[in-house]
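In what follows, structures are represented as structure tokens.
Heads up, the next two complexes both have subunit A, just with different partners, subunit B and then subunit C.
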Partner chain A sequence: MKTILTKPVASLRSRRVKPLVLFTITFHGFIAVLAPFLPLASTDAQDSGSLLQGPSLEHWLGTDSLGRDVFSRLLHGGRPSLLIAVAATLISAVAGIVIGSLSALAGGWLDDALSRLLDFLLALPTLILLLLISSFFGQDPFILSLALGLMYLAPIARVTRSTTQTLLARDFVRVARMQGAGNLAILRGEVLPNVGWVVFTEVTMQFTWILLAFSSLSFLGLGASPPTPEWGLMIAESRSYMTLNPILVISPILMLASLVLAIQALADHE
Partner chain B sequence: MKNLARRIFFALATFFALAVFSFLGVDALPGDGCTALLGRFGTAQKVAECRKTNELDKPVLVRMGDWSLDLIKGDLGYSIKRDLPVADVIIPRLRNTAVMAVVAALIAFPAAVLVGVRLGRFPNSRLGRLTNQFSVIAMTLPEFVTATVLWLVLSIWIPIFPGVNVVPSNATIRELMPNVWLPALTLATVIFAHTMRTMRASVMSVKEMPFVESARLRGTKERVTVRRNIVPAAMPPVLSVIAIDGSWLLTGTFVTEAVFNYQGLGRLAIDAISDRDTALILPIILFGLAVYLVASLLADALVKIFDPRQVGAV
Partner chain C sequence: MTVKTTLEIVELRDVEVVVRGAREETPPILQSIDFQVAQGESVGIVGGSGSGKSTLLRLIAGVVSEGLHLQRGAVRVLGKNIVDSSAQEREEMYGKSLALVAQSLGESMTPHLTVLGHFRDTVGKDVAPDRVLRSLTEVGLDGDGYLRRFPHQLSGGERQRVLLALALVRSPKLLLLDEPTSALDVSIAADVLKTIKDLQARHGFALVCVSHDLGVVRQIADRLVVMAQGQIVESGETTKVLRQPGNSYTQKLVDSIPKLESRVRQIDKNHGDILLESRDLTVSRGRTTRAVDSLSFEIRKGEVVGIIGESGSGKSSLLSAICGLVPIDSGDLRFGNGQDLATTMKRRSPDLLSSIQMVFQNPDDSLNPKCSVAQSLGRYTNASRDDMVAVLSAVGLDQKFLSRQPNEMSGGEKQRVALARALLASPELLLLDEITSALDVTVQAAVLKTLSDLQKDLGVAMILVSHDIALIASFADKLIVLRNGRLIEQGTSAEIVDSPRHEYTRKLVAIARQKSAA
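Coming up: the complex of A and B.
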């Protein structure tokens, strides 16, 4: 038990997370939380006198086609996707861990049935279903988080299942069984504390995929709805003005890319 | 053999389950072909009449039965909204997506295999690490970002390709070609990264194996060892990635086609969803599903057929 528990902790300490990665994640965390409290221009105030302006003292990154302040919209633009991605990831992590560990502990027909269910979920055409849901039920953040959470739970469940299976064959679990622990006690006392690190990595990866799925949805006009500042939506809205003011497109791309790549670098073991 | 039959059975079962699920799901959405056609002007009476003439008033299970029987006969149904048989709408779009997929595959796969072998042999070269990092980025960023960057660079800053696509969906392939490049390059970037990384990892593990060492010790030239020993042994996992990515080229193109307004199947799916043309949505979902399931069967089979250690395991 000791080796399994200490290994991930030690590897977390020894894995020298690059300062750049840490800085980027902290930076994004700060602005996502603090954006509404910072002394920024309003995200919807339209300055019809200055459309598509380049950077100036008044508008640090210029203005978009409606004369809105790009800098302010950029700092607010990660919040909708992050909020939905956090909610959806919580759903998929909880459901995935429950299904995966249950599957491994129960075995037999329940394991078979749950594994088929996961195959089914993996075969679902995710994006088209999201488009359908969003188009027919309105762009409701609750429905979208739930749908995203359910669609992205399969990889988490699979990792939990295989990790649990290897754990169940270990001596300390056998000892616990011999001491008379039931399935539930084993799950709580032996399995869950130990699947942690591997599953955490998978959950982090799914978090980025969910974030990107929602951004893509916004880009297609069915995620965040205007005038909400959201990076995917900002890119879609400004594509026609790319020749006039490339900052409009490049800045949200840099924000989205830096956030996602930093999170993946944190999760990736390479 | 028994294993393969079992796999095919499960794939068919998954397809059937998802088909039923999709039919019921699409049916449960608020709105059908008649409300889509009549839009805001549809009085309750007009909608009811339209449903009667198009047999949409029958119970859902009866309609599902009729629809499946027609499907088996090769009839995909009728789009009331577009007043056209579904097949007539879908087939030209499918052709356009297929052209783009072929171009993307021809650009990406050979290059990915060649570069992957090279990087697998010399993973620590500076260029190697740079290419690898670029691939991680290409794999992670969503297509709309890759597409927008390629558009900005290759159409606006360096005007090589046309950025705005105004060619109709039934244009000849010759008329279509200039517009194929940018979307195909977008897709190629993603699948290049996947395939190259798999090839690289595979070569890195194979080149340490005893049979490669023994070929070296026999004094075989490095070039020959790579061609005869390393590449064939490293290929199986790469072939299965190629199968899966190939299926993605046909079914995962919504965003890319939307960016370039390319008149393919993905663009059609988005249009059908936004004007609620449910008759079109279902065949597109089922097509995607069928392609995915065939590709994943193929991916497993390829590994077993080409892996020397698993010969006969099919």
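Coming up: the complex of A and C.
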């Protein structure tokens, strides 16, 4: 699995990725990790003397309807969705790759059964189901990650399955079989090292969909719960004040959109 | 030169093509190329892969391949500087004076257009069916049945003929051919070449034909241009160049054409017991087609058997059945002391699996692109480093190759590694499926030499499959000729070459003789 890690790094090094994409991703990664350690105003402190203020020296992007510092909340606002998205993507990547490669290797009835399962997962109305799960089990991050991970594994499994099928027909895999390699050895030695980049791209795309799904959930009130700073939730909370202070809505939208677009540009690259 | 007129159809002067943005020490793709084609002349360009022959042909068509840059020199076609001309001018030239037939038959036709549709696309909507019929008849496709056919309803040879007709329908002054027969079977290729030659005699267009196969080019070219490493190393009248090559590379090229009479390997008549026995073997493809139809033959220990067959002859299905990739339908297939080969790979014992090894045609597909040579060799065979070094040296590679990745090796080197890997399993029977057909002729000869030495040292039995009767006859002890899944002839190499009984074999032998005749 070496290439999964080295290839993106190599492609970054070759400077074919646009500098803007690179900058945006680095920027988001930087603030997501360092936000709690930066000398920012508290995300919860309510400055009742200044509600819905515009940008000032004290509050760089102004304040929201409860007098909280928008700039600070903005920098913290990606952390909950990123955390859930990373956990959910890990689940969907592992499960998707296992199901996809198993399906291709086994063939026959198992392949049929797994493929129908994937069709079923693809047919589910994701957001409605998430709303149900969230209202049933509460806003538990663990359950939400698990649900998101399961719901978004189908495309990864499909891509893995078809890439594996192509690989299995290639001569070097046939030779491996002639030399006595079993299914597991073929999977480990011949298939996985070669599906890496294609699957990595699909996983990265799914990561952005999961990120958006969780933010949408928060926007609908069933993702992150107040007073957590979260972009989707921030948009929802300030919708009514959009005309008074447009920065409240525009800034989290810009943050979310720039992150998603940059990651997709990176994944789509090549 | 046959026709020496004042008008040069193609004229290249001191042309140099380099890789865009390459460092200075990188050698140019094309270097100091001076090349002319006179009216009505036919010129063949031969060279191995990487010699720059295709780049040169594209340059004549006015195209500088992506990533390359015309550093110096001028390319004039019919007096026009074609590389610098506008897209519109070039389009006009393609229509009237210049036609190119590309290598890949499959991709050169639009799947949803009929043959008539292709002509309408090329000539114009109002093209008269009579005119289309005439040009189809000229290339040897008779009858209006062809007009309504789609590409998938045409055979490879028919497709190549349609493409030829499309190229010639507007009477160009120059026809460019890129490997015109490499996708065709030998017997069909010979007919297509003859058609091209006849058409040229009748219409008098100039012809430039690029091929890696000296045997193809010599049949249609008056003049031969030999290229190596981006340079023209020799140029002259075809017969003269072939008789007295003035350059060591040309000499090597001429020598490496397999000849029916000469042998790469000594015939061995002392074979052991029966190793593989096939009785009425039948293998199906799909529900109705019999890829292999009631085939009976036997192979003894240490024997080298050559199987000759073109596409659809069932040779690949036969090999797949022997190594257990596909199940057999009926008949008997036994190995060694009566072990049944009617089972597929999954059911075979590890011993049986490793005693039959196969090397495939395409070297790029035979090695895992993510594995070093050491990993490829040792992963399933558990060979020690010493074993690997020994087997590498047996196939003519030194131990530096252990750390190489597939993309750091040439086709010939990859094929040698594939061979080494098969040998590490200590097989009793080695199946070799067209293993040299993707290689340059000079490399091909070297690989065959290695194979011959190995066979002598190890005494392993081999089944060598190829479409090239000359190559196989110079190597094998016994020949089997397959056609449409049936065995039509078998005998010793000498028997088949000297007195072929079946009409089809006679044709193959005749073509091979024509190709290699001095």
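Here are a few things to note about the model shown:
Following the convention adopted for this analysis, the second predicted complex is superposed on the first by the 253 of 270 C-alpha atoms of A that agree within 3 Å, B and C clash if a C-alpha of one lies under 4 Å from a C-alpha of the other, contacts with A are read in each partner's own complex, and residues count from 1 in each chain.
Note that in this section a residue touches a chain if its C-beta (ideal position, glycine included) is under 8 Å from a C-beta of that chain, and two chains touch if they have at least 3 such contacts.
As the structure is a computational prediction, the values presented were derived from the model and not from experiment.
In the superposed pair of complexes, A:Phe136 makes contact with subunit B only, with no contact to subunit C.
Contacts of A:Val94 after superposition on the shared chain: neither subunit B nor subunit C is touched.
By the touch criterion defined above, A:Val33 reaches neither subunit B nor subunit C. Shared-chain residue A:Phe219: touches subunit B; no touch with subunit C. In the superposition on chain A, A:Ala113 makes contact with neither subunit B nor subunit C.
Residue contacts after overlaying the shared chain place A:Ala185 against subunit C, while subunit B stays out of touching range.
Shared-chain residue A:Phe172: touches subunit C; no touch with subunit B. Ranking subunit B and subunit C by residues of subunit A touched puts B first.
Within the superposed three-chain model, A:Leu22 lies out of touch with both subunit B and subunit C [touch as defined at top]. Judged by the document's definition of touching, no subunit A residue lies at the interface with subunit B and also at the interface with subunit C.
Listed in rising order, the residues of subunit A touching subunit B in the complex are 116, 119-120, 123-125, 127-128, 131-132, 135-136, 208, 212, 215-216, 219-220, 232, 235-236, 239, 242-243, 246, 249-250, 253, 256-257, 260-261, 264. Against subunit A, the residues of subunit B that register as touching in their complex are 10, 14, 17-18, 25-26, 29-31, 136-137, 140-145, 148-149, 151-152, 156, 251-252, 254-255, 258-259, 269-270, 273-274, 276, 281, 284-285, 288-289, 292-293. The touching residues of subunit A, when paired with subunit C in their complex, are 2-3, 170-172, 174-181, 185, 189-190, 193-194. Contact residues on subunit C toward subunit A in their complex (touch as defined above): 323, 325, 345, 350, 353-354, 356-358, 360, 362, 365-371, 376, 379-381, 418, 421-422, 425.
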